[in-house]
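Heads up, there are several structures right after this.
Here chain A shows up in two complexes: once beside chain B, once beside chain C.
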Partner chain A sequence: MAKKPKKNAGEKKAAKPTDLSPRDKKTLGSLVTVAVDVVEAAQKKRDPQLAIPLRALSNVKFNKTKRMIEMGSAKNARQLFNLNQAKSYMQSLLVAKGCKQLIYDNKNCSLRSLYYMLKHTIAGTKEETFAGQEECDPIIEDMEVTLNALREELHLFAENRGNIAGPIVVTDKGFDIDCARMGSAGYSIPSIMEPDRIQFKKCTADFVLHVEKGTVWNRFNEDEFWKKHNCLITHGMGQPPRGVRRMLYRLNNELKLPVYCLLDNDPWGYYIYSVIKQGSINLAFESTRMAVPDAKFIGIRSMDVDRYQLSDSVKIKLNDTDIKRANQVRNYPWFKDKKPWQKEVETMLANGIKLEVEALTSKSLSFVTETYVPARLKDKDWLD
Partner chain B sequence: MPAQSRKAKPEKKSGKSSKSKPEADAVEAKAATNGEAPTAEPVPKAAPAKRRSTAEKMAEGQRDISVSEFFAKNRHLLGFDNPRKALLTTVKEAVDNSLDACEEAGILPEIWVHLEQTGPTRFKIGIQDNGPGIVKKQIPLIFGKLLYGSKFHRLRMSRGQQGIGISAAGMYGVLTTGKPVKIISKIGKKHPAHYYEIQINTKTNDPEILNGKGEGVDIASGAKMQADLEKHKVEWVAVNDAGEELESGTRVTIELEAIYKRGRGSIDEYLEQTAIANPHVRIHFKDSENNERLFERSATTLPPEPKEIKPHPYGIELGRLIAMLKDTRETTLSAFLSSSFSRVSSGAAKKICDAAKVSTRMSPSKAGRHEAEELFKALQEAKLPPPATDCISPIGEELLLKGLHQVVPGEFYAAATRPPAVYRGNPFQIEAALAFGGSPAAQRVSLDALTELLSQSDARTLRQFLTSNFAGLGSDAADKIIAEAEFGARQSPGKLKKDEIAKLHEAMRSVNLDDGQTMNVLRYANRVPLQFQLSACAITQTIMQTNWRSYGITQSRNALPSGPISLMVHIASVWVPFTSESKEAVASYPEIQKEIRLAIQTVGRKLGMFLRRRLEVKAEGERRNVFLRYLGEVADAVSDIRDAEDQRDELYNQLLEVAKKKTAQADAKYDNRGKKIEDADDLENDKSVLIIPREEPAAAK
Partner chain C sequence: MAKKPKKNAGEKKAAKPTDLSPRDKKTLGSLVTVAVDVVEAAQKKRDPQLAIPLRALSNVKFNKTKRMIEMGSAKNARQLFNLNQAKSYMQSLLVAKGCKQLIYDNKNCSLRSLYYMLKHTIAGTKEETFAGQEECDPIIEDMEVTLNALREELHLFAENRGNIAGPIVVTDKGFDIDCARMGSAGYSIPSIMEPDRIQFKKCTADFVLHVEKGTVWNRFNEDEFWKKHNCLITHGMGQPPRGVRRMLYRLNNELKLPVYCLLDNDPWGYYIYSVIKQGSINLAFESTRMAVPDAKFIGIRSMDVDRYQLSDSVKIKLNDTDIKRANQVRNYPWFKDKKPWQKEVETMLANGIKLEVEALTSKSLSFVTETYVPARLKDKDWLD
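And then the complex of A and B:
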């Protein structure tokens, strides 16, 4: 009995999808293992469970030599016969089922499509398998870590968020795309940025300037900053998605371009920088593919309030959540030992205000592109 | 209805003092003015004493007041404040007396109450019992003379302990309609029945017999009875439902000015509540529209006969002591004390006399005011055992459950009878019974009954109508109903059209009233329901002060708890302390409140267990459901991933078995953990608890 399912699985692998890439074969293998585990547990009258690596601060480690966040080995058991976990267990298997389908069909689909694909009313009840996409997304991340497969290996992608402009030509689906000729909107960075899909054909830029959001990026694009300074400009609509991070990583890693970040001066801006630089806590397993340990933080700085005599009307008071988050951020191991960063956070807390990049607009519209960033770059005035 | 119990008027018939009742005050005050110069003594009913008048002049206006006259003017003291209450009081007095009589004679009571409308605000009410009957010469006195009766001189648990008596009701009838009270009574199979038409002479407090030339008439027994009854136009139920001829009984018919309305404080409610506390009684009720309702008995044994006791020294008052000293036939104080009081041995009597510094051999009649006072003090301070408590006959847990279940629909019933206790030298006993669940009164009413209630109502708003007519319906619930039926807030209940009434009826049925419902409190004193002055009563106050939240019931601070609960509390005592002579609320003695609290806590705890267990069962079921719900999905997904759809069912069944094993373990854990499950088991075996299995409305979930 115990042999049967394995035999079956083997049969099918050979029978059904003949032309699977080695990568897909590997992913499918881990999916089947999960299913077989359930069958075996059921046959032994045991409680089937999934061992899901824990995605939390308590299970990440800062690797000082690699200068990035790595995932620890702690795992959570997700059990079918546990009142609090029964539903998420069921959902995990649904996601696995959906991914298997995508691999068979050799199609990619968005997180939202997968959610709709798997969403249905559970037989005999009025309950939906997923109440909303926000219930589905974390389960997908859980399955990524559990199966030790990347999102793209599960044939999933997220919505495109983030753009690039500047002197680089990329090859996407066989088309050469010159990012210097993308007009006002720039090239939309795809969610899947793997080398087998996107290749860098030609690049003459000297560095990458990553800004926090689209509005700021538009300013830089309109002022043709990338032309004047021979660089690439990117943004990630706030916390950059994996596609943007992977793009930065590859620009830094393959083309050896330095990455500079222009972000808001608040705890969230600090953390965006932290994620770009050493990876995120939630997706610590992706750090090696995404972290850019050499990325620099060029602003906005807490000291800019005084340095540029910014008017009171552009200062935003810190609220309780900001203060709480700031203290969390400064206590992360990768910030803790950096005195300049500690001072930066302390200054912000002492000022009691945060600054958005747009605050510089109060000086003049193009102050940030014409004065602020060039001055930082020239003086090598940044935080590391 | 027997002579002995026909009336109950404590004290003062013999002119002795004590009890500070208004009427007593009045009489005493009057007596006092006879000897002394009139002062500014407030004499409620006396001729107005003008100032600047001489004592002689004033004396002309000073004369005796008959009790009857006094009551005729102060009818509110007797419960005749308004026409609606007058009807209830009349029924109540008659039924209470009938029950007392039947029980004393050892007859299982069966009572007929017939209501007949004779004018827009006039009703004829006939109450008949199967009691022992009344001997001929006593009939006029019992029904035509105030303060004539048997219960007054003895210390014993009975319904009419300070009762006003049926004669007051008769007097009210004569006053308002001019029609005499009609009584027919039969004391045995072979005996003829006697028929009297009586009216009370309010001046002299004497009965006047109007028929048979002042002698009444005899109605032959046996075959000729029917003819005689017809001849004299007497109503009489000759056979009971079982077809047996009534061997004895009494029927009193009174015509009076009254209004008949259902709802709170109505005859219907009184009879319903009486049936709960008297499960051995069968009552037939025919209302003015000839609707008949039978309150069937759920027990066929009479409550044990309560024993008569002597007063306990702690409960005595100085005035009463002085009166007793004067009346006693004993020749020495020592003998007087030990024979007149309960729990006073000759040794204790000597100690009391010593403490009072009087001789044990002193003649009681010679004891003056000073000696009496000393003696009184000594009596209060003496160390005596508490009074015997066998003089009380409680309803008992079993009968409480039966009675409550018979009348109040529900799922869970619990009852508790406390051991007897003592307040101020009077033994008393508290019982509580609780019914939970079942549809509230507002959801049981039929469309026709609702239409009728609406037409009778004088409430100004629909909300007022709902809260005043349906027990346990709070204003929140009323608002919910009104909102559901889409009526305006100030909708008048009298002007609803037929389809609107139907809408209201529908709303009353569909709205979930469990939350907005307040506890329905049923109060009893010596098996008699107390229908008025809810908030002034020690019972209500104690219920409010009890923390019901710990039993899983919602309750606002210092308010009655809410939920579909009926709680009945019964105080049985040789002397129930009422807050006023209207006998509507129990006074708050700490000893009594403590016993009430303990009793309701006992039933509350059991309700708590029941509710908790129900929640647990529900949670357990949900737990199982959660697993079962997801098993299918899991089996589907796994089979799909493995491309082994043919094994899907096999996997599903295996998972199902694991699920069963898992939840079985959870069950076992509950068992082993012990306490909770043990509680529940106790509940099943508890004789003071009754659980009605609920009919699940199909297993939808």
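And then the complex of A and C:
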């Protein structure tokens, strides 16, 4: 067996706590509190434990006033001296230690890298700290809710996905980037969109149009929709990643821009809208910093078949999964009382067909940019 | 049933053939030839037919001089008056017509949009021109080889994927974009990287480092590897899309930059390298404009377990699919005669383990940017 390497050899401690940004200081403070609690428990001869907010459907509720999904107050104790919890307790402290190190070093890393950083054979045993990444990721989510810190605040990134174009200047790593001068693919939306990293320097846009797919976004960018309608266009390669959702949230909250979503007329399009608008059920704690309750759904609609005399050729038959999923989505508490939404889903189910944004191509290639979306915006014809 | 809409209503014919770029003129010429051949055949009372180069493994060979995969000269006739071929003949002419329209309109679209554009019920029948997109995509590939035009030259795009950062200024839609001033996520590499759309205005980099994953790329960008080593860094979100391959090809061919690939030590990493270097087997005809035969593989290597005393914790056991795939890749004609490659694959199989780039995180977070890659480059320690 290979000699065990020294952990973190060559890793430099770049930043002193005094050099940290206010956000990092706050996150570090929460992390240190976790460690201090262990020491204090030991000194008081009490069993060390963490109080982890419960991440389960039973602890999620829809706040009608704030119009977003929220976590309840239920917590589970995670104890060191409990045979069933000792391992996850140890894993939680390991993740906290790793994130503290990232903040100290002023570095960010991927979930996968953090997993490799923390994975090792526990001295004197054959036991691994983590069997696989699937054991590490939920612990990271536990620490997010325990510390009330987004993953991005713990210095963890994912792959960059999604693009934006239009009249906005963002400051990224000190560089001013004019998203109206970014050519074919626009500004690549970073995974970490926190305000201490990315600032909005100047914006003259009137609204945001978010589209589902990158190829549809290319259509809007090629047709210079954002120039003609003085807006920003974004996409998130399907279900938008957290960076894109945080971007939409900040455009809506900091710059007060309305957000319109152009998505497919199918249960997956509905779900994307639901996540952008109300937050995700699995990660309800992030809603307050990611959900955009004011977001509007501007299509595609079931009525478009008649409204635009779409040919049978572009209709796609709903399958069993679609039908099941549609019924789930329509029963979400935030859709349940909304008659127009219920009617929309009912029409889709009654027709037995779904429609993609690209179906409008059968009218003409730029029908979506020149006719469909302008008509929806002019008539304020959307679902809320 | 809804009234059949008028095809392409509202579609404007933006460009006259005289306004077209030299590339578009050439592609349009090839497309018109297809139509002229039909007319001439009819006038001569001959059966109209297309000669479609055969896209099959039997018609692919490795050109040892050019060091890339090439298509052979075998062709299949596709005839109108042949019951088995009439439909695909009609589909081929439809695709040609659609692409001609795109060039005329000076627009680009996705494979999915083209499919919707061309799909309709054939007049007087209940027959659809295409049952699904899976019938349309291979016809597009047929037309690519028949016309000797890349998909991008037929004005078809995919989603933009992959990023680049470093000392290069690209001109995209008339805007100069300095990839050394692009912040967190770099310049988003467009799907269509053809020289009449994207030009390299200025570049002072010495080489290109291509990494497999976006999250690993983030590590290199955050550590400013490209600044310290005066290079460009690229990634393609796993198996690189055509836009990224075309970018690497052009950086290598136009700017004479060496291309080094940092990939996982597993059959999938090997295969990504194989496609970048020699071209893809399925789309052999694109090799002459996408393959980079000079590309080098700079790791991860099986020997790294000993060389860097990697702990058992980061080793991943090969599964049956890995083993099968490794044996396929090692038997590719372009790897078969290369002893160092054979030895590499044999060592991996003998060890029974694979290694991801992120495994180096167990040494330290920036070990890969500060130690591993610099050592490989300094020692010219790579596989060819």
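Keep this in mind: the second predicted complex is superposed on the first by the 267 of 384 C-alpha atoms of A that agree within 3 Å, B and C clash if a C-alpha of one lies under 4 Å from a C-alpha of the other, contacts with A are read in each partner's own complex, and residues count from 1 in each chain.
Criterion: contacts are C-beta pairs under 8 Å (C-beta built on N, C-alpha and C of every residue); 3 or more make two chains touch, one makes a residue touch a chain.
Predicted model, so just to flag it, every value in this text is computed and none were measured.
J.: For A:87 in the superposed arrangement: first (chain B), second (chain C), both or neither?
T.: In the superposition, A:87 touches chain B alone.
J.: Given the touch rule stated above, what does A:202 touch, chain B (first), chain C (second), both, or neither?
T.: In the superposed model, A:202 contacts neither chain B nor chain C.
J.: Quick check on the superposed pair: does A:42 touch chain B, chain C, both, or neither? Answer first, second, both or neither.
T.: The answer is first: A:42 touches chain B but not chain C.
J.: Would you check which partner chain A:336 touches, where first means chain B only, second means chain C only, and both and neither mean what they say?
T.: After superposition on chain A, A:336 lies in contact with neither partner.
J.: Using the superposition on chain A described above, determine whether A:181 touches chain B (first), chain C (second), both, or neither.
T.: second
J.: Going by the contact rule set out at the top, does A:309 touch chain B (first), chain C (second), both, or neither?
T.: The answer is second: A:309 touches chain C but not chain B.
J.: Would you check which partner chain A:105 touches, where first means chain B only, second means chain C only, and both and neither mean what they say?
T.: Touch partner of A:105: chain C, not chain B.
J.: Decide which partner touches more residues of chain A, taking chain B and chain C as the two options.
T.: When the residues of chain A touched by each partner are counted, C comes out ahead.
J.: Touch test for A:125: chain B only (first), chain C only (second), both, or neither?
T.: first
J.: In the overlay, answer first, second, both or neither for which of chain B and chain C A:228 touches.
T.: In the superposed model, A:228 contacts neither chain B nor chain C.
J.: By the touch definition above, which chain A residues appear in both interfaces, chain B in one complex and chain C in the other?
T.: On chain A, the residues that contact chain B in one structure and chain C in the other are 5, 8-9, 129.
J.: Could you pull out which chain B residues touch chain A in their complex?
T.: 623, 626-627, 629-634, 636-644, 647, 651, 654-655, 657-659, 661-662
J.: So in the complex, which bits of chain C are touching chain A?
T.: Chain C reaches chain A through residues 1-5, 8-11, 102, 105, 107-110, 112-114, 116-117, 119-121, 128-129, 157-161, 163, 170, 172-173, 175, 177, 181-192, 197-198, 213-216, 218-219, 222, 237, 305-306, 308-314, 356, 358-359, 361-367, 370-371.
J.: Quick check on the complex: what are the chain A residues that touch chain B?
T.: For chain A paired with chain B, touching residues are 5, 8-9, 12, 16, 31-32, 34-36, 38-39, 41-43, 45-48, 80-81, 83, 86-87, 89-90, 93-94, 96-97, 100-101, 122-125, 127, 129.
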